[in-house]
Amino acid sequence: MTLIQDAPQAARPAVETLTMAGAINRALADAMEADDTVVVFGEDVGALGGVFRVTDGLRARFGESRCYDTPLAESGIVGTAVGMAMNGMHPVVEMQFDAFAYPAFEQVVSHVAKMGNRTRGALRVPLVIRIPYGGGIGGVEHHCDSSEAYYAHTPGLTVVSPSTPQDAYSLLRAAIRSEDPVVFLEPKKLYWSKGEVDTSVTATIGTASVVRPGTDVTLIAYGTSVPTAIAAAEAAATEGRSVQVVDVRTLAPFDDATVTAAVNATGRAVVIAEAPGYASVASEIAARVAERSFSYLEAPVRRVTGFDVPYAPPKLEHFYLPDVDRILDAIDTLYPDGE
Amino acid sequence: MTLIQDAPQAARPAVETLTMAGAINRALADAMEADDTVVVFGEDVGALGGVFRVTDGLRARFGESRCYDTPLAESGIVGTAVGMAMNGMHPVVEMQFDAFAYPAFEQVVSHVAKMGNRTRGALRVPLVIRIPYGGGIGGVEHHCDSSEAYYAHTPGLTVVSPSTPQDAYSLLRAAIRSEDPVVFLEPKKLYWSKGEVDTSVTATIGTASVVRPGTDVTLIAYGTSVPTAIAAAEAAATEGRSVQVVDVRTLAPFDDATVTAAVNATGRAVVIAEAPGYASVASEIAARVAERSFSYLEAPVRRVTGFDVPYAPPKLEHFYLPDVDRILDAIDTLYPDGE
Amino acid sequence: MTDASEDQLPREHPVQLLDAAGTPVADTGYRLPVKDRLLAGYRALVIGRRINDQSNALVRQGRLAVYPSSHGQEACQVAAVMTLAQQDWLFPTYRDSVAVISRGVPPGEAMVLLRGDWHSGYDPKRYRVATQATPLATQLLHAVGFAHAAKLRGEDMVVVALCGDGATSEGDFHEAMNFAAVFQVPVVFFVQNNEFAISVPLSRQTAAASLAHKAIGYGMPGERVDGNDLPALLAVLDAAVARARAGGGPSLVEAHTYRMQAHTNADDDTRYREQADVQAWIDRDPLARMRAFLTAKKWLTAALESEIAAEAEAVATELRDVMNAEAEVDPEDLFRHVYAQRTPQLDEQWEALRDELERTEGGHR
Amino acid sequence: MTDASEDQLPREHPVQLLDAAGTPVADTGYRLPVKDRLLAGYRALVIGRRINDQSNALVRQGRLAVYPSSHGQEACQVAAVMTLAQQDWLFPTYRDSVAVISRGVPPGEAMVLLRGDWHSGYDPKRYRVATQATPLATQLLHAVGFAHAAKLRGEDMVVVALCGDGATSEGDFHEAMNFAAVFQVPVVFFVQNNEFAISVPLSRQTAAASLAHKAIGYGMPGERVDGNDLPALLAVLDAAVARARAGGGPSLVEAHTYRMQAHTNADDDTRYREQADVQAWIDRDPLARMRAFLTAKKWLTAALESEIAAEAEAVATELRDVMNAEAEVDPEDLFRHVYAQRTPQLDEQWEALRDELERTEGGHR
């Protein structure tokens, strides 16, 4: 973990309304501006600017040697990024979609996550692997996996997922500054969501945040599930329940302090995530909360997650995805005898 | 899931004392004898009989076309196994060690797990991926990973891990008979453990078993952790505690019926597994138990797992591995005010 | 230097039997296919082109989620299918819908993936066509294993596995080529080199003289062919398939063609290529070339031309009609096929969803 | 046929400058290195052989957990290091301990992995030697990225990346070769083809005429060399390194050698190969060959011979002594290096372990 230093003062106005994709693009540009060891590469990140346009303009602005397309091979992208990081660069690589990061899995698990530990810190590999992940965009098979559990379970990786443009900007800047490798998971569905971004705001990896106050129930979510959780909290308010929402933000390592305090205050918790629930990050959060807040819990910790099935085809994804109703139903089960 | 049919009567005596490696070898031989679509391939499985000798004698007995070495490429091994299974064969492939299965991850997650669902069952891929896993054998880096969470989290996979020679035999026969792909995790540390094997005994994938009765506490474990849990239960008995042990056996899909009933009966549970605990199978079990047995629990569900660090080097692994003392300590925490 | 295996290197120039104008080119090694085959091929080309046009239209009308067009690559699509015997198998990619339909898969079943009601819409065994693969190069390994199984059983079966130029950079391409050569399985690797992997040009995929130069590194022959020249494609693929069928092992065929349209409707190719480059390839259109040749030969009469046009129209109409019919989706399908027998875990989850749907029936709470 | 890139094919026979008897062989392309270099090489060979013998002994004495011997491959080990300039980097595998030590890593640090007190025992930056890679072919990508970084900064640095014949079958080998060629980075891929991947013979790894035939498929030159002929290895590697240093891009060098001992002490090679085959290679021993040549040349005097023997003995003694000294292990190390700054999660876990160790101090409860 690294505590982030102050962000350099940008020439442009510090505060702007940006989409999450725009905020990430801005973070990449500002990081490349601030540190010329930062290089961006992957598939279609150059002239095209990425299939989601997240790297738009970087090649034009920083040149071919700072932002370039590679041969079409994910293990090659991550493996060469490891070598570059070993040799003083700070690579930020893009995996085009969640499921297309799987060919790089050996490099991620056996080297990205372990090189620093293997060498007793003599050779750390500061690099960022950006992965657009999750569904809700009507994508066909292999374009909508929520693959965070594979990374969060792997010791040595830092796994981050923002839910707002501001966090996307600040957390990516922090990730690029980190001495440790970071898997930066970008919720595709939120790429076009807008928000104010103050580029002078810094974020600390490893910290969750309470994004909505509440006294009756705590909803714990990350990525795409955060706006859904907030919407559910608002709906619950109309039913007279005060629901708190925690955005985990860093999936690994976990911020127990914030989450445990939040749950202890309400005594009721629902964990929300889009990934299949079995042996997932949601399982971990539920298990931790159930153990650490045991004596505070009025009801079992509920999980609202994806089903344990392959991600749904476009026409069925609305049945698969956690939504407000499903969260409200889960909240109801926390009050077996009504309120 | 497939309920297994009766095993064909073997010519040899039905009951024998075998090591787990021997039992797996016997299961492979009996399956190849019973069904000539069963083929075994991988690295060094032919003339050498596998680095753990698990495929010893198969090539000599069934010939080069039934048991053969491949080029050194795990994605190739699993990917061609998928193709073979699509075309009427029942491949049983060996990954030489846990960490060396990672290059095959994309094939496992995107095809092995999904082909049947993708084709609405028109094209199932019945194959078994055998993976020697876990530590406790003084192996160097990459030879001792407990990688079960990666597979158990992936919908469409059946994940099995035996803890006795009998289960190793019966579950592997069931896995090979399954219409679904099975990841068969073999606890390396138990390869040389001996036990009686009755080849006429069948097992059902998807069922846990209570391997030791007890009324005070339930220990939930699988693979290498089962003998450790039993030893801890025996030690606890000398301290006057009656400790029950459940062997999960099938890590996915999970047998809630058996586990929930067991925990409801004792009201106290400890989940034991060697893998790093974060977002793991142990997390899932703890979360399920905490939710499903909520009103029965006298104390929080404890987890005794590996630390969230890369697997330890040989000289440090005894600090890393869950052992009897660590389990007994966890049991003590279930009695905050002593008994 | 010279080497025994040197004949595994491709020719310096792609095999061509018809030049861009449709004029026959003499070739030492390959002969022009017979009249009927060429007419059948032309027919398939016209239908293929029509399928591409219709599919693009369906995307615009929102009936298809996405469509990776093979406009300009129809000769490759058609040849890959025409070279197969009935018992042979095709392993296509997302780009190969025209090949899939040419092989006999009903358009309505072929388009299920791109319409989004399921991941694949046809029974591979019925048409001997594997599912259209999205993860690049992964299907090549399936093709090799599939052919290996046939070889182990001594069956007469050849597998043609398709991939693009970009896919050759993936590790799975390497492993598939190598397994195929080591086990001498009856597979023909047919690479449609259309110069682009989305926005990335061929020069970023390889520094080799050609992709076919990779074959010798596996100990199999590599050949290059003009990918917009149907007769040449048929001649080269027929030879490769015959070789595989005769037990001669795998080979690699690289077709030089061009992706005349954007990667998919979602792509904007003006960001990464000059339209002049595209124009240069439009002048080498595979259809125009065949039409010119067949007309000069007087094999293609006005009557036949309009007969084929009518047939193409019929296929397009069928495609439009099935796509315009609303697909019925059943949420329980999410749980039905994950395992051969649904697990208790999935029973429980389906029941939860079913209850939820019943509760929220008639709108949300 | 012929092709512009054809000169990227290797020769039909491996380059040889000394035959098995140590008699010089005339070669058109490569010249015998100078006397001092050859004597320095011989010295390194003797020490390397001694390291292998000593390490095998340490395994038998239980001081090393395991040892993958390079007995018979010492010429490759030594040449790979002698060809490097001081600023260059070496990317070795588990089999290359002799190369690692030849590069200057103290035996005690080099053997930490195999002794089992940590995953790697030296600071790669200090010796310009990457960690010894176990997952096959994965280090080749690191080598390419490493060299790419140097190229981007315009530094004078060449990377020599080692792997075995079996590793060439992995997807990562393909991706590394391709990235290196596309980006023209200064890497020399040096494959020690010792005929076996544990029990699997070369014939199961490739159907190609040679592994060096893979180079042309990436657009880089491939060369074959007698792997037990130190002068030939030096000449060929020097040329490849010079080419890379001059900006000529990557190349592949395949050394034909033999794994004269079992894969590791844990292996039983009688299960899969005839001892006669091993004997045939013992007759081509790289040391004997050099000794015969240098003695015939009268460059190797009895005095020098015993001087070298004494040096080798000293290295062996150092190795034995450091290995016999008990390694101190600290359980807190498990938590210290996972992240640059230990996380609260790991603080908590270390504290739990520390308390447990204090509780159980003086034995178990």
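As written, the chain order gives the labels A, B, C and D, with residue 1 at the start of each chain.
One rule holds for everything that comes next: a contact is a pair of C-beta atoms (placed from the backbone, for glycine too) under 8 Å apart; a residue touches a chain by one contact, two chains touch by 3 or more.
Every value quoted in this text rests on a predicted model; they were computed, and no experiment measured them.
Looking at which of A-C and B-C shares more C-beta pairs in contact, the answer is the pair B-C.
When chain centres are set by their Cα atoms, the one at the greatest distance from chain D is C. Once the centre of each chain is set as its mean CA position, chain A and chain B turn out to be 31 Å apart.
The geometric centre of chain B is 36 Å away from that of chain D, both derived from CA atoms.
In this assembly, the C-alpha centroid of chain B lies 40 Å from the C-alpha centroid of chain C.
Counting only residues that touch two or more partner chains, chain D has 118-119, 135, 169-172, 174-175, 178, 182, 204-206, 333, 338, 345-346. Within chain B, the positions touching two or more other chains are listed as 70-71, 73, 75-76, 99, 102-103, 106, 110, 114, 117-118, 141-142, 155-156, 253-254, 278, 307-310.
In the complex of the two chains, the chain B residues touching chain C come out as 1-3, 39, 65, 70-71, 73, 75-76, 78-89, 91, 103, 106-107, 110-111, 114-124, 155-156, 158, 178-180, 206, 253-257. Taken in their complex, chain D has these residues touching chain A: 118-120, 123-125, 130-131, 135, 138, 140-150, 152-153, 171-172, 174-176, 178-179, 182, 333, 336-346, 348.
Within the complex formed with chain B, the chain A residues making contact are 75, 99, 102-103, 105-106, 109-110, 113-114, 117-118, 141-142, 149-150, 152-156, 252-254, 276, 278-284, 286-287, 290-292, 294, 299-303, 307-310. Interface of chain A with chain C (complex): residues 43-44, 46-49, 51, 69-73, 75-76, 99-100, 102-103, 138, 140-143, 278, 307-310, 312-316, 319-320, 324-326, 328-329. On chain D, the positions that touch chain C within their shared complex are 1-7, 9-12, 169-175, 178, 181-182, 184, 203-209, 213-220, 249.
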